[in-house]
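Paired with chain B in one complex and with chain C in the other, chain A is shared by the two complexes that follow.
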Partner chain A sequence: MVMTVTNSKVHARRQKVFRSVFETRISQPTPLLPATEPGQPFGGPSAAFLANTPRLTHPANDQVRWDRAWHVVTSRIQLPSSVAAEDSFGTLAPDSSQDVDDAFRSSLLLVLNPASALPNASHTEDILSWHSQQVRQHFVNHVLPLLAACTSQGDHTQVLLTSIRTLEAANRQYLYGLSLILRAFRDEDAANAAVVKFRRDLHAVIGNSWTQGLLDALRDVLNRLATDVLRAGDMQASSPEPDREEEEDSQASDSRGELLRILESLSKVGLAGEKFQTLFAEVMNSCMDAFIQRNYAGVWTSSDDFGASTVSTVFSGCMAHLGDWVENHYARLTVEVFSRMGSKIEWSDVEMWKNVAIARLSTLRIHELFDIVLSWPESKGGVEDLRSAVTTPQRRLQLTDTFSAALQKRLLQPGRSTLYILQTYISMIRTFHALDHSKVLLDRVVHALQLYLCQRDDAIRIVVTGLLSHPKETTPEDSRGKLVELAAILNDASLQQRRHVDDDDLDWNDMLWLPDPVDAGVNYKRPKNEDVIGTLISALGSHDIFIKEFQSIIATRLLSGQPGIQQEVKVLGLLKRRFGESALQNCDVMLRDIQDSKRVDAAIGKSMESQQDQDGNIISFHSKILSRLFWPSLPKEPFTVPETVAEMQRQYEASFEHLKSSRKLNWLDNLGLATVHLELEDRTLTIECKTYEATVIYAFGQDEAAGEQGPAKRTFNDLWQKLMIDEDLLEEALAFWVSQRVIRDVGEQTYVVLEKLEDDVENAGADAAPATGEMEGGPPSPRKAKGMSAKEQEQRGIYWQFIVGMLTNSSPAMPLAQMMMMMKMLIPDGCSWSNEELQDFLEEKIAAGELELAGGKYRLPKK
Partner chain B sequence: MKVTIQKWNTVATWRWDIPEEDVCGICQVHFDGTCPTCKYPGDDCQLLSGKCGHNFHMHCIMEWIKQESSRGQCPMCRQPFEWTDQNNESAGQIE
Partner chain C sequence: MDYSTQDNQNAAPGALDAAKLNGARKPDSQSVTKRLQTELMQLMTSPAPGVSAFPSADGNLLSWTATIEGPDDTPYTGLTMKLSFAFPSNYPYAPPTVLFKTPIYHPNVDFSGRICLDILKDKWTAAYNVQTVLLSLQSLLGEPNNASPLNGEAAELWDSDPEEFKKKVLGRHRDIEEE
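Moving on to the complex of A and B:
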């Protein structure tokens, strides 16, 4: 009970508040009548008649007259209460007869000027506000449901059109009522003011009546039309096919017309308000995105054929096209649209749009940058776009961040070969140079790459071999796996003009001087040119490592019996300029050794009496004489050379000592090449091979007179003892000859000369086949493997000494990580091992009892 | 099978034919290397053997001998430094 009372109280209060804000009373066609005196006539046609009688001064009379006039007027302009279909708005109320009209007019005059005509009427109201109130009510009750019904239609265009039609009809209806009222206005200004006010009210109502369906429909239609219109600015639109162009142009103008028509009707019915503007802005925004994506994604060619005429020449390629498009298509459409809505577009707005568009394009380009790098130099246009757009530090930062991420994701992976990474890096150097001469951007992105390249052991080797390769000779097959680009760059003289940069900043006459970029790091030095090789080398870690690797590679090449050393000299010259003479002195000496020994060899060759073996064949004997301290570790694996060769060596030595007083020679028999001529029963072979290989096969050829039956047979141990050769070398040599099908493995480490090829076929099923197959599968690269293992052995010795020292002096027990860190820091050349390698090594030592592992820490066993 | 060696291209290293000590007493660089002023070892940077049995890079010992304080003595044994006949020729040229 109490609840009900309070409820009703609250309800009443709410009603009161509502009424104080909204005048609900006048929503009735006729106002509530105050109590009228009995006997007074009310309603009916006589009211109009009464209204005409001039002098009635009784207040109650006035009130009655007012009420009657009000009734006449309101019933005349009252809107149809129920709306069945949209076309109910289509027809206006039929023109009524003249007398009704007259009655209406006179009533209207009363209603409009109650103060003068009916001074005694106590209760009067403003017909205009009543009308707008009525309209509002009507709109909410009848038109909105209709609009909602419209949006349920499937086709968006249809939705839009019917909605507009509905609203137009409603508008007409509402304005008709207003116009009736306005007829009585004598003052034109007041009439206009009333119309404006009403219109504003109406538009406010309509403008707030957007339904989601209508919004969607309008967005869709606008999007479609705007896209159609703007499509005329596409790059493809400037294609040479006139038919298509015309067709597209007509389509564009059709769309433009339609768009503007829709817009006009929208603004007429009052839908062109703030909501529409927001919507239109959104649509135009997405249009710009779509246009940029459609036209420029992946288009990097800087075609100069489309118009860069109106736009400033700072921009080129896509940028120019984009600027042009914004100005001539985008802005034009917007200006047209806005002028329909009565607003204006400033030139500064167009400039702003241009900037926005350029920013969008540059964002696109930034995201494409990695692909641009990959397809350099075809993608030059893309870089040009970026260069003109990426001007602010923020954008530069965005660029480097995005690129770094792409780099990390797409390049720095175990799946990428070192060669590929290096090739990409070269492209990067060039792309970024084109983008930003100051190299700041490159420096910022390249750090991760450099770190990663340090993990790739073969990186330096690839670079050096690339530098040393012959650009002209290499066929496509050869160039695979090599960085021939480097050789090409090296040989291109125009790229090698490096100016001295020492007193760069002091060159007061340098008219091209620029301040350092704001985002440059400390110790920044402006590079003078793109300098691919220099940047590449600097990415490979410290110079010492590079020089060391260069030495070992150049040593291998110099000893490989290649005819000329021009390429080496050239590369050396380049590196000298970069690293300084003294750093590369060893290489200098190496080259000099080769040149000198050619001369010395010729001199000795002349003085030496030509040596003949027992059958009178002349051996041509040549040697390279090296300065041993200047070459990277030359492994010495002595063995007994064939007697004839030994004799030659003795002579050679004597000649040398004669030529160069108080100097002696040490032979490195395992290096070098020999040519052997093999006469077998069914074939003769002339094979160039390593000296130790020649020695081994020579051992098979000997002793034939010693009465052996059948083909010569040697066991591994025989050869080993006889030649005093290293086991590994012997094994390699035997494997080489087996692969050459000169000898075959008959098991138990015994090898037999293959006098006839058929013998091999006979035995192929047994055990010869696997051996040869194996050899074919993995072609032997004896020297490299040998050299590596010797070097490795030496390195292990050094590391072990270091570890022992560390555990003795520094701390008695250390975990693996700490050891690794110490070794990396303190061993002069750095430690090339990974954690795993060190662990393996330490485990070996533990197995050998030289080390103990306790509680995750290594320590030396106590003695 | 008959094996004939037709060509033999080998590699050798050279060294100074001197007994034992391997570094120059003056510059402490290996004899087979160069003295500090030279770039190329061997012909460009000869050795000079004293009668006292000490060897030096020629450039090093010449520099030493030129100094007043050396009084023409071998820096190792302080005996008057005289080089062996073998190198007389070249030494004479320098003086």
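Moving on to the complex of A and C:
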């Protein structure tokens, strides 16, 4: 019970609220009798009769007259109740007969001025509000379903056009009724006011009648047309083909016309309200996005390619083009559209759009930055765009954040070769230099890269070889796998000149001085130029490691017998400027050693009596004298050199000691080069080879006088014992000569000189092992367990000593991380192992019983 | 390697503060680190039997711990002695301060571990290093210098009653448990 009471109460209150807003008491039109002609009276006395009826002054008569007049008027302007198609209410009732019209007019006069004409009518109503009301109802009952039917059509243009037509027809109908009423208005102003009011009401009704289908249709059509119009501003549109241009222009103007036509009709039927404006804004927004994406994505042409159509000179390249487009196409369209809707665009709005567009372009560029870096320097234009747009700290931050993410995702992957990373890094240095001379941006993104590079063992080697490579080696095969760019930069005189000693003091004469950027970190120092090499080297970690690597690489190069050392001297000079003279003293000495030994060698060579080999050929003998302390440790693998050579060495030694009394010579037999001249039965060979290879082949020819039958034959063990040579070296040498087809392996570690080539062919057929194929891989040495190089073995020994010393003295038990830290810190060259490697090593030791692991800590077992 | 940063980490806190107070870092503080690092490397690459040394666990390169195993044919055979090394900032131009951490009964060592050895005092030269000091100390265990004892009783017993001396040594010795 209570429920119903409250329910009805609520209902009553709702009714009240509703009534307070909408007039519900306005009477419904008098029901029509079926099949009356429009304008024809029905039922009661005809309108003509009514009009001619003498006026009665009776109050009841007044009321009756008013009722009748009301009836005449309302039945005349009554909207058709059922509509089958849009045109059914589009046909306006013809102004058929004068008399009907007269009857209508007189009734209308009565209805309009009930107070004066029918003072006694007690119940009168406003015909205008009645009309509005009926229009509203008609719209809801008949037009809306029609509109809904329209939207069910497939084609969006069709939907839009039929909807507009429907609305136009409805409008016409509604206004016709109004115009009938207004005929009776004498007062022009009152008539106008009535029209304005009616229109406003109507537009409010229509404006709220957007259906989803219509919205979609309109959005689609607007999008298409706006895109067409704005396409005229595309970069390609300014192509030199006049035909295409005209065609496109005409297409654009067609679209523009269509768009404006639609807009006019929309605004006429009242659809140009707030909803439409929102929609239009959305469309224009997406048009701008699409335009920028279409025209500028991946387009990094440099600014020279654009004509002088620049509006503002601040921007160049794509920025200028974009600004131009916003001004001449985008704003123009918007202005036209808005003028159709009766509003205006301020110049400041256009400026704002320009800013928005530029911000979008710079966002696009920021996302493209990684690709820009990759295709540097063809992408200079893109960087120019960015440079003019990225001005605020926020945007700079956005740039570095986005770039760091891209870097992480696309570059710092195990799949990328170190060379590729370094090349990208060089491009990055240059791109960012062009983007921001202050280097702040680069510093911000490069950190992850530097960390990552430290994990790449070959990074330093690649850089150093790059620096030392010959810049003229521009053939693709040679430059592949090398950073030839570095050599080119190093040799570029223009870059060299700009490099000057940076001093801490401010240069007061520097007219190009700028304050440090606001977002610069502490210890910030403005770089003088792009300095690719310097930045690269500093990214590779500590100087000592770099210098060490450099030393070992130039050691190899200097000993390789290359003719000149200019490149080395040049690189050394560069590095000296960077690291200081003292750090590179060793390399200095190394270079000087090579230069000096040439002189010394010449001097000694003169004083020596020339040696001859068995055949009477003069052996030329040269040496390089290295100062042991300054060279990286060179492997010493002694072996018995041929007697003639040993004799020369003795002589050489004697004259050297004579020349430099305080110094002694120590021969590194295995590091030399020899030219071997071989005379075999069917051919003579002259081969450049290593000294140990020469010694081995010499051993084959040595005992020939001993009267052996057939070609000389040696076994591995014979040679090994005779030459006292390292097994690996011996094996290498034998493999070398087999590959040169001078000797062949006849099995059981026995080698025979190949006096005639055809011998080998038979043999090769027999055991199906081509001589060259054996070079690679090589069979395991019969005497020495391989797997670990001697150097690695030594390193493991030292590290083990470290660990034992650490656990004996520092702390009896240590976790892995602490051990790693101590080793990294205390070993002068740094610990080359990773955590995992150390752990593996420690586990080996645990397995061997030399170590224990307890509670996550390692300790030495108690004795 | 950048020794300036290395030094900040490794220098004794006091030394660093002093350096700061003086307004400038000592010119040779880098070379101390470098020298000690080289010495450590040397110890690792060519270890001497019975002695070892290593920087302390906190990574301070100026403070080391060393271990000496008692030589055979001495009363100390089978014992392990721990020592501490504290290097001055002008090392190797001044000797390190060496103390026995393990309680030891020895004519030239007092009860707080101080050692009377000429090369750790006036006979020090820069040519000595950790390894030579340790080897000298090792030989001192077998051949004490009874002319200038810090522990008179021990000096007397060494000569008069080796049995009693050995007993005293074993009685005094205690393996110290670290941390």
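As a convention for this text, the second predicted complex is superposed on the first by the 705 of 863 C-alpha atoms of A that agree within 3 Å, B and C clash if a C-alpha of one lies under 4 Å from a C-alpha of the other, contacts with A are read in each partner's own complex, and residues count from 1 in each chain.
Convention: contacts are C-beta pairs under 8 Å (C-beta built on N, C-alpha and C of every residue); 3 or more make two chains touch, one makes a residue touch a chain.
Just so we're clear, the structure is a prediction, and the values are computed from it rather than from any experiment.
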{"item": "Partner chain(s) touched by A:826 [first = chain B, second = chain C, both, neither]", "value": "second"}
{"item": "Which superposed partner A:346 touches (first chain B, second chain C, both, neither)", "value": "neither"}
{"item": "Chain B versus chain C as contact partner of A:818, first or second or both or neither", "value": "second"}
{"item": "Partner chain in contact with A:701 - chain B first, chain C second, else both or neither", "value": "first"}
{"item": "Touched partner set for A:189, first chain B, second chain C, both or neither", "value": "neither"}
{"item": "First (chain B), second (chain C), both or neither touched by A:274", "value": "neither"}
{"item": "Most chain A residues touched (candidates chain B, chain C)", "value": "B"}
{"item": "Residues of chain A that touch chain C when the two form their complex", "value": "542-545, 798, 801-802, 804-806, 808-812, 814, 818, 821-822, 825-830"}
{"item": "Chain C residues within the chain A interface of the complex", "value": "1-2, 6, 9-10, 34, 37-38, 40-41, 43-45, 47, 52-57, 59, 61, 64-67, 82, 178-179"}
{"item": "Residues on chain B engaged by chain A in the complex (per definition of touch)", "value": "1-18, 30, 32-33, 39-43, 47, 49, 86"}
{"item": "Residues of chain A that touch chain B when the two form their complex", "value": "559, 561, 585, 588-589, 592, 596, 613, 615, 617, 619-631, 634, 642, 644-645, 648-649, 656-657, 660-669, 671-680, 686, 688, 691, 694, 697-698, 700-702, 704, 711-712, 742, 753, 755"}
